[in-house]
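Both of the next two complexes hold chain A, though its partner changes from chain B to chain C.
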Partner chain A sequence: MPDGKHWRVSAGVGIIWRSWDSESVVYESFSGDIHSFDMVTGAVLKLLVQHTQDETTLVNSISRTLEIEPDHSLSLFVKQSLVRLSGLGLVECDK
Partner chain B sequence: MSDDIRESQNMSESEEKTNLVNEDKQAANVSRRKFAKLGLLTAPVIMTLNSRPVLGAYQCTVSGQMSGNLSNFDSTVQCAGNSELVWMDASVLGPQGSDGTFLAHSWPAPFTPQSIFHNYFSRFNGIFDYGETATFYQVMKRKQELGITGDNKVGRKAIGTLLNIHQYGEYFGLPVGWAENTWNTWAGTRRELADFCKVLNARFLNTPPPI
Partner chain C sequence: MNDFSTQLGGRGLYIQTGPFCVHLQSSIATVADGITQLYSEYPSFKEKDFADFHIHLDTVAGIRRLIRPQVQFSFDGYIPFKPLPLDQAFPMFEWGLNWCVANNIHEYLIIHAAVIEKNGVAAILPAPPGSGKSTLCAALVNRGWRLFSDELAMFCLRTRMLVPLPRPVNLKNNSINLIKNYAPEAIFGREVSDTNKGTVAHMKAPTESILRAAEAALPSWIIMPRYQEGAKPVLESRPKAQTCMDLAQNSFNYSLLAEDGFLAISELIDKCDCYDFTYSQLDDAIKIFDDLELPQ
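The block that comes next holds the complex of A and B.
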């Protein structure tokens, strides 16, 4: 279950997007890296680019946007996406 | 209302409810099928492509330096950047006129030592407020010019990063706007930002000064 942490895009991160139906490719200007994301992970990052959000809000927003049932599987997937994005330095937990 | 009519009405209502339930199930099944398709992905799929020198100088970026991937190394690319102390050296500033300006400086346009610091870096996000009219030169020489200490020299170091970005472009490895955006959105401490800028500025210390 989402634990209520707030997440946002890391300071200094600059993203250029290209999106298709099921995946996104982004160029991150600070690191110079190019990343390819699945549909849900791309949606997570896009939502956080707009503003800081907690995990519950992220799950609900993605559920509405992608028309996916907001169940435990989606919550877990979103949490895993946040962990992976955090590991890449793209997002951080708001203290 | 007769019993027959009432009964038929109840049956229609019942059929209608059944139809609605079936429609809901169908809609739910569509959603579930969609996520079931996603469910084949048991974990988020993120692939990081080690980019070729897309901008010609990937090895000058932070990631490029950390990757140590020699297969992408381009020996014709010369990464560059100066310590903030270089940017405030007399050889780079040139002589100071009687009006306090530096007309012969070697700073990259559009910046001059007279540029107003807080026109680029926020005064109000908690990093440091040097005063509305403080110039870049004054911020770099903050103790002598403004009587300020205890700022971790964060303004000086941020200016160094800003000037490096504009002087060396992709060969410093950070995009235009990065210094200002980072200052304006920084959520860590002042010292952390100062140390961060200092480390970035010091990466290519064999760079000749811009004179």
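The block that comes next holds the complex of A and C.
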């Protein structure tokens, strides 16, 4: 179940974005690292660059953006994406 | 043919290769032989006001001279590598010059890749050692493609074009005889055995490639070649995102260029069609390359 925490792009992170087909590559200017993301993870990051969102809102936004059902598997994908993005230091949530 | 040994052993020889002027000094006979065989068609000068790289190749002094003679490479007075056996002096010049360019020239994005050109458009062939990149490159430039480089793809950050650095093609082991048979007219330097890459020999860049070294080209294809014994030729599209990651990994100065490096790599990916290419027969490969279509 979504826990109501709000997610945002981590402080100090600057992102340059390129998308090809369904995949995205992101350059992070603070570390100089680049990352390749699948469609959902890319969409999660893109939405969080625009504004802070909680997990439920994120799932609904992605459902609209990618035109897929906001079902349990999408929630799971979004959760996994947030774990990955958080592990890379690109996003953070409320304590 | 010029004999450069007197100049090389004295005040040195200035050789123009692509956009760079190299000032080389060496009294080692095999270096002079290699330069004479493989660089006689490049613009060269006895004196010049400026050189991008000042390179010395000297024998290591002391008792080593008598027992196991070695060669030492120095660049602007700095010694970046351990000495090698004296027999490897000319290959060391080539490898050392690659190092100089890759580590010191940052107005280009530099990628470990071969580059060839035809009709003003170029294919970039990034690949790890053992993939057959240099062999394929040598075959292509003996069948109508122009040599830009067999090791260093240079994408100019200012003009956004690929810039040639047409130097000898470094072939290893079985590839040497393969290309000697495939292109009997090609000129080769001396074979040197027991290097850390096995036996190596350098093939002279084709004359036209040397003469047109100032002509840049637009990047159009990124092709990852892979030699596989007995394989039929297969050219398959590869994902652009993955190719972007692979180019960054194969670039010598991407990290140093930071955002500019990422933008340059992204632009290459935007402009190029990206492929994996598996092959075993050079003639098959030539046909596939000759039939490449321009990106939409």
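In this text, the second predicted complex is superposed on the first by the 94 of 95 C-alpha atoms of A that agree within 3 Å, B and C clash if a C-alpha of one lies under 4 Å from a C-alpha of the other, contacts with A are read in each partner's own complex, and residues count from 1 in each chain.
Keep in mind that, in the parts below, contacts are C-beta pairs under 8 Å (C-beta built on N, C-alpha and C of every residue); 3 or more make two chains touch, one makes a residue touch a chain.
These numbers were taken from a predicted model, which means no experiment stands behind them.
Trainee: Scan A:I68 for contacts with chain B and chain C and give back first, second, both or neither.
Mentor: first
Trainee: Check the residue A:N60 against both partner chains and state whether it touches chain B (first), chain C (second), both, or neither.
Mentor: neither
Trainee: Given the touch rule stated above, what does A:Q80 touch, chain B (first), chain C (second), both, or neither?
Mentor: So A:Q80 only meets chain B here.
Trainee: In the superposed arrangement, does A:I34 touch chain B (first), chain C (second), both or neither?
Mentor: In the superposition, A:I34 contacts both chain B and chain C.
Trainee: For A:S24, select first, second, both or neither according to whether it touches chain B, chain C, the two together, or no partner.
Mentor: The second partner, chain C, only.
Trainee: Quick one: chain B or chain C, who's touching more of chain A?
Mentor: The partner with more contacted residues on chain A is B.
Trainee: Enumerate the residues of chain A that count as touching chain B in its complex and touching chain C in the other.
Mentor: In chain A, residues 23, 27, 29, 32, 34, 36 are touched by chain B and also by chain C.
Trainee: Quick check on the complex: what are the chain A residues that touch chain B?
Mentor: 11-12, 14, 23, 27, 29-41, 66-69, 71, 73-74, 77, 80-81, 84-85, 88, 92, 94-95
Trainee: Within the complex, which stretch of chain B touches chain A?
Mentor: Touching chain A: residues 28, 30-32, 34-35, 38-39, 41, 43-51, 54-55, 58, 61-64, 173-175, 177-178, 181-182, 185-188 of chain B.
Trainee: Per the contact definition, I'd like the list of chain A residues that touch chain C in the complex.
Mentor: Against chain C, the touching part of chain A is residues 16, 18, 20-21, 23-25, 27, 29, 32, 34, 36.
Trainee: Note which residues of chain C are touching chain A in the complex, please.
Mentor: Residues 239-242, 244-245, 248, 255, 258-259, 262-263, 266, 269 of chain C touch chain A in their complex.
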